[in-house]
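Starting off with a structure, shown below.
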Amino acid sequence: MVKESRKLSAKAQKFAAETPEDSYFEYFYDDAGAMPGTLSIPEDALPTEIELIDYRDVEAVRIPIEKPEDCIPYLDMASVSWVDVRGLGSEDILRRIGQVFHLHPLALEDVVNVPQRPKVEEYAEQIVLITRMVIANQDSEGFTSEQVSFVLGKNYLLTIQEEPKRDCFERVRERICQNKGSIRKHGPDYLAYALIDAIIDGFFPVLERYGELIEELEDEVVDKPTRQTLEKIHNVRRELLSLRRAIWPQRDAINTLIRDGSDMISPDVLIYLRDCYDHSVQILDMVETYRELASSLMDIYLSSVSNRMNEIMKVLTIISTIFIPLTFIVGVYGMNFNTEKSPYSMPELNWYWGYPLCWLIMLTIALSLLFYFWKRGWFENTQNLRR
Amino acid sequence: MVKESRKLSAKAQKFAAETPEDSYFEYFYDDAGAMPGTLSIPEDALPTEIELIDYRDVEAVRIPIEKPEDCIPYLDMASVSWVDVRGLGSEDILRRIGQVFHLHPLALEDVVNVPQRPKVEEYAEQIVLITRMVIANQDSEGFTSEQVSFVLGKNYLLTIQEEPKRDCFERVRERICQNKGSIRKHGPDYLAYALIDAIIDGFFPVLERYGELIEELEDEVVDKPTRQTLEKIHNVRRELLSLRRAIWPQRDAINTLIRDGSDMISPDVLIYLRDCYDHSVQILDMVETYRELASSLMDIYLSSVSNRMNEIMKVLTIISTIFIPLTFIVGVYGMNFNTEKSPYSMPELNWYWGYPLCWLIMLTIALSLLFYFWKRGWFENTQNLRR
Amino acid sequence: MVKESRKLSAKAQKFAAETPEDSYFEYFYDDAGAMPGTLSIPEDALPTEIELIDYRDVEAVRIPIEKPEDCIPYLDMASVSWVDVRGLGSEDILRRIGQVFHLHPLALEDVVNVPQRPKVEEYAEQIVLITRMVIANQDSEGFTSEQVSFVLGKNYLLTIQEEPKRDCFERVRERICQNKGSIRKHGPDYLAYALIDAIIDGFFPVLERYGELIEELEDEVVDKPTRQTLEKIHNVRRELLSLRRAIWPQRDAINTLIRDGSDMISPDVLIYLRDCYDHSVQILDMVETYRELASSLMDIYLSSVSNRMNEIMKVLTIISTIFIPLTFIVGVYGMNFNTEKSPYSMPELNWYWGYPLCWLIMLTIALSLLFYFWKRGWFENTQNLRR
Amino acid sequence: MVKESRKLSAKAQKFAAETPEDSYFEYFYDDAGAMPGTLSIPEDALPTEIELIDYRDVEAVRIPIEKPEDCIPYLDMASVSWVDVRGLGSEDILRRIGQVFHLHPLALEDVVNVPQRPKVEEYAEQIVLITRMVIANQDSEGFTSEQVSFVLGKNYLLTIQEEPKRDCFERVRERICQNKGSIRKHGPDYLAYALIDAIIDGFFPVLERYGELIEELEDEVVDKPTRQTLEKIHNVRRELLSLRRAIWPQRDAINTLIRDGSDMISPDVLIYLRDCYDHSVQILDMVETYRELASSLMDIYLSSVSNRMNEIMKVLTIISTIFIPLTFIVGVYGMNFNTEKSPYSMPELNWYWGYPLCWLIMLTIALSLLFYFWKRGWFENTQNLRR
Amino acid sequence: MVKESRKLSAKAQKFAAETPEDSYFEYFYDDAGAMPGTLSIPEDALPTEIELIDYRDVEAVRIPIEKPEDCIPYLDMASVSWVDVRGLGSEDILRRIGQVFHLHPLALEDVVNVPQRPKVEEYAEQIVLITRMVIANQDSEGFTSEQVSFVLGKNYLLTIQEEPKRDCFERVRERICQNKGSIRKHGPDYLAYALIDAIIDGFFPVLERYGELIEELEDEVVDKPTRQTLEKIHNVRRELLSLRRAIWPQRDAINTLIRDGSDMISPDVLIYLRDCYDHSVQILDMVETYRELASSLMDIYLSSVSNRMNEIMKVLTIISTIFIPLTFIVGVYGMNFNTEKSPYSMPELNWYWGYPLCWLIMLTIALSLLFYFWKRGWFENTQNLRR
């Protein structure tokens, strides 16, 4: 068993290593024929932390939890309990979480074996919602994405996050602890809404970056298209494809939630979820728009490259076609005009500084042309052709 | 709180600054985890003005309103009250409008935090419709777009416009005040129809401009394609994409309105709305047609560029291949024909004006070729290559 | 009022002038905020003519009508009355037609303010069907299209045609007047079917032309692609797009008619309409096929242009690469072979006719090459580059 | 009437002439306004033959029929009668067939006025199914297609084939006459299934050819792309489009047959038809796959052409850029090295065979280059440029 | 009969031979008009092996079966019987299997005449599911695919695999025999789920390979695009198309299974199947993503080729345009500067080593340029142009 998890963790390691840099995720999969319910803990996964926020109208407590079983007393109370599990490092704790909350083995598998496609599954006593949270990288381009799973019960909400590091829930925690707005007056369904809304709203800043990037590329592609431009366009398309894969099923999951109208979600929270759904539609809308713009950029890139070739051909053609006939004429007469018959016949040949002057003129012409080509940026690409 | 609104207003400022020039809008979004119902007033938003038109069959009054609460007496009367709020500058007034009309917090948020995706939401006593109004710029190309929200109640209609400047409702106001047509005989649902119809009809002149622009580009792209042509085509595609994003959900919203048949809309107004829906379908139809034409223009552009390169290559090839063999032959004999053996052997070399004449011929050839290339427009692009 | 209609007529004039040449129609639109039911009569519209064909099993009369009110006695009879209104020139007559037939203001607007998107609207006592009729131009390429509206009542059929000139109903009129087939035995619903069928069948000859045009272009694009080919392909695509916009909603309208099964249409006429629907599906099928072929033609055009460039490059490369090394060798020795050391060293230089012969050879080569390029058609495009 | 049929037959002739060569069919259409039920017999249509196979469990007869009325005695018997009409040459016989089988005028029109779009129509006592049969040409590429119509009654099946020549029903006839399998134990619905299945299975060999053709083209397009390759790809795309137009509505028709579940088709035949439907889905699947591959081939073709141009440019550039500076240097010194100052200065000029040797070297270089270009196939395209 | 099966086996042989190398399958088809239920055994098919695993909660036996009839005693027991038939070589055994399990002739045909499109068919006592299993090749690229058919009865599961070689069921067999997990506690429906799940999970490693391949190609296409790159991209597209054809109908089949809810599948197995469905959606998702990336690669390839041509043109243009005017000037003076008038006039001509030095300089230049071009990789493609 150890061996298997080790092997799986290698794959997981690959994910952990690659996700931050290329933002492109492949879904998790079991070995063919593996038992359903197998949990695959990546070796380098950070240790699992649990935090509980228990609140009702008049008060709220926020405490770290050591053992999953410590949650049990809170679950039975009339208050709302938000159990936030962060990090998928400890199989033991995760299994005990599963027992405490009576999770279906398949649900536990979906929650732990990340990444999964966002979806909603309704069980007898619980609604399980798998979502994907994106966070724009602060120092570099691109974004990181992680899976956040929700298990909504009668009077509790269990959330499981892939990474313990950053999330976009801090302001919701504040709203509960500092009793801002009406969040304490509602049940766990409203809490779930608030968190889903935070996840959905987290897509906007990421998208806005791509909007700016596309605008920059629009200038770059017309002004000065290089090989790097091409790679940038390809990366934007790839990452937008990835974002689309994240938001598309998310939108469907929220819609299913609204349409199926479980009795665990009260009607006025449904109105809020509808708002959330509208936002996810807006995001999809923007993603599609950006993808169209990006693929239009590719067309422009291609035509800019053609245009440049056109310019180069023109320069070549102008200079060649002017000098070729002249050189022909010059060749015909070998310029052997008889200097004796006329003082106008090539007097330069008899000048004292004639030959050096001739070299000077030639050097001037050569350097001017080189300067002209350098100004046009012809030497730039030439240098990093092979990288 | 001030700080946050300042930050948001910076973004809003960006919108205000950019929308007129590039006509491309991104949806509004909250910070992740923000409370639902937060209003975000851009700092440079113009102050909010309120105008009330209250009418019934026999009379109509049109008065400016100072305080939102001043509307209340009119709302209870048997007459139809149209409260038109213009400009989103004053959070206080907008909040009080929300209280006077009992708006749901989410509805108020959608109305104030522009831009939103067009949609319709039915609440207990109200229908809230978010639409987008486009107005062709009068002096420049392109269009400006702003959000117009409708709140339809039993005997009133509340409209909230993003900008107090221009709108396309003036003729409806005239129809009410001068009692043209049957508008005074109907309720607020007919008024809502009349305004929606005005918004929808406002798309046509904008579209017609793009139709003309595409026709111009069709000529330009074949006759004389330049880098600017490419940018123009890209802009047209981008703006049509933007128009499509505005009209598509609008059509769906009107359709929802018709299909769901709220009892706040009377059956004969539904017939009128059906007409409105037909118009929005026509607009979408035209947008799609123009988009297809624009993307076909891109193909033609690319092939025109190829054609031009073809022409250039032909000129180069014709002149090179004619003179290269000749120059070879000339080289073979070094043109050292023995002038003594025959009077026909290069007599020019002994002419008195031979050498200057040779230069004259060469200059003539060079200038003719330069003139020919200039006539073909080869120097145009060359000059603004780097812009 | 006059001023407005003048303005509208200018737009209409534009349509009248452009439609025949580019076959591309934009939908009619009101000024934003205009009253519903406003009729916009283009100034150059031809005067309105009315013709009535009243028939029953045993007899048929065909008479021109002066005043719309003259129809009234016929409408109450047990016979079927077909009132055919041609030309939209007289607002007064059209309004009175509206009164005689109790048309809804919106229906009258759709009928008069052309062009509208084809559609079907069911009113209490009437079915209103808007269709588009295409007629292939007899002398030139392309087609003209006009709107034909049907108002089907209990025992009458009102048709309104945009232009009084040509239509495709003559054979139906013959069938009624000469009692061919069973048309007199049926009611106005069968008459409506017969006319719709005539309109649908009218699309086929237009399409067949495009089929032939595409076949011609297929040859042209491979054999001898020119700039004109490109324009022709673009025009075909544009006109097919326009045809598609005409037939697509028409098909939907007929389908709605069949599916909704009004009691104004008898079951056996429904079978005939089903046939009509099948034909409109066939047309759409062909339009889509032609569009695919036309866009495949564009690909071939581009690759033909590339191929030609390839050929040109080959000629240039072959001739250049052969002569360049030779010219180098020739240059090395300056061809100053010592004529005194060997009789084989350049004896030509001492020939009497050496120099003229050299010119003769060079002229021969130059002219042969020019002839070769001319045969290849290289000079054709070059000449009409600027048009 | 004669005149009209003559005109129609001209069109039909065109079809008859073109179909075998380009396999591309346009739908039949009436003149606009023509009476429904008009039959259009092409003049060159082959005479109509009728064959009757009448069978029950214990016996089967197969006899040619002279007059349609001769079928009547068989139709009333308890046995299953398959009346197979081949060739659409005789309007009189076809009309009488229509009377014998009580065909609806529209059904008769669909059966006779070929080609029609495949479809199924249910009448009171009959199901009419229009299908398209494709047969791969035996000697040449491509396929011929013809319309086969089925009229399924209580105890008979009427099939009408467009051409009397080849069909794919021979093995079914054998199965009936030699009592293979269970076909004699079933009714006419099973017979209809068996024939439809034969038609559907007939698409596979045609498709397999295209599969092979695409594989050949995949090699050709990378190895040695010529103008012919381009035309072949275009033809494959065109013919696949045509196949798709034939199989798509056929699939829908079979699906309608299964879904609507007429009582003329017994439940266990429905299971067989479901199998038939699966096959038509498989065919559509393969057609779509081939179309994607063919359009991917076009991309490769274009890039192969670009690659070749690249090769040509490289050769040109390598040779030019090497010799151009050398020629410059050679020119500088005019190679007038003083032969008197040094024995190493151009001794070749004084050799006895110097000049002839120089020509020999030049000829060798020129011929080697020509041989190299010929080996690369550069002369191939050049020769059939104009065809 | 022998002859026919020989002919069919030739085709089958072709499949057997080609499938491993190009992974691209065409569907099986009968000769037109063949009897339904005909089995087509390829000649080279491996002999049929049967294995039976019979288990209940407390025990499990795994035994090879000689004759199909030997299964009968196990089928009646209260235990679950899994009959696994591997290899389609023996028509006799397959027919007897059909009799033992009362398979419908069409079901037997689908199971034996591979490949079929994945689908589910419900019969009175059985559910027949056709699936496609893919296994990544261990030593080479690509994958092999084979058909696996499931026949699910009340207390047995019959699986028929195309090839006896490898499958992905070994771990399921272990789970049964070693009583891992809860598999022995469930019925044959759970067993079917476990096997389908293994098949679905088998797609992931294959897909992962394509993911890696696309990433490699992304680097290759920008760095060093060759003709082989183009072929690789085309192959990836082709194989992804093939994978899509395998997984698309599989997903639909599983969905049908869930939606139609046969009573042979218990509700808690349905939950597991839903999970299976989610995985097949994930696979389709990844396939579509990879296909988009691959077609974007094609664009990049094309533009990389253009870029390279650009580089080549630049080199040519820079060197040509610099030297052409210089050569002209050199030509003008024929470099006949009078060495007597000035010591600066071409003293090199009188040097002792002048001529050899001149050759040395020229050789140096030529070799440097050749080295430069070789470094850029210009000679690589040139060599394998013709392959």
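Observations on the model:
First chain written, first letter: the chains are A, B, C, D and E, and each begins at residue 1.
We adopt the following convention: contacts are C-beta pairs under 8 Å (C-beta built on N, C-alpha and C of every residue); 3 or more make two chains touch, one makes a residue touch a chain.
Predicted, not measured: the structure shown is a model, and the values here were computed from it.
Any chain that touches chain C and also touches chain E is listed here: D. Centroids built from CA atoms put chain E at 28 Å from chain D.
If you average the Cα atoms of chain A and of chain D, the two centres end up 46 Å apart.
Shared interface positions of chain E, defined as residues touching 2 or more other chains, are 302, 306, 309, 313, 315-316, 320, 324, 326-327, 330-331, 334, 336, 346.
The ring of chains, read from chain A with the first step to chain B, runs A, B, C, D, E.
The part of chain B that touches chain A in the complex is made up of residues 26-27, 29-37, 104, 106, 110, 116-117, 119, 121, 227, 230-231, 234, 237-238, 241-242, 245, 298, 301-302, 305-306, 308-309, 312-313, 315-316, 319-320, 323-324, 326-327, 330-331, 334-336, 346, 348-356, 358, 361-362, 365-366, 369-370, 373, 378, 381-382, 385-387.
Residues of chain A touching chain B in their complex: 168-172, 175, 180-181, 183, 194, 197-199, 201-202, 204-205, 207-208, 211, 218, 222-223, 271-272, 274-275, 278-279, 281-282, 285-286, 289, 292-293, 296, 299-300, 302-304, 306-307, 309-311, 313-318, 320-322, 324-338, 341-342, 344-346, 375-377.
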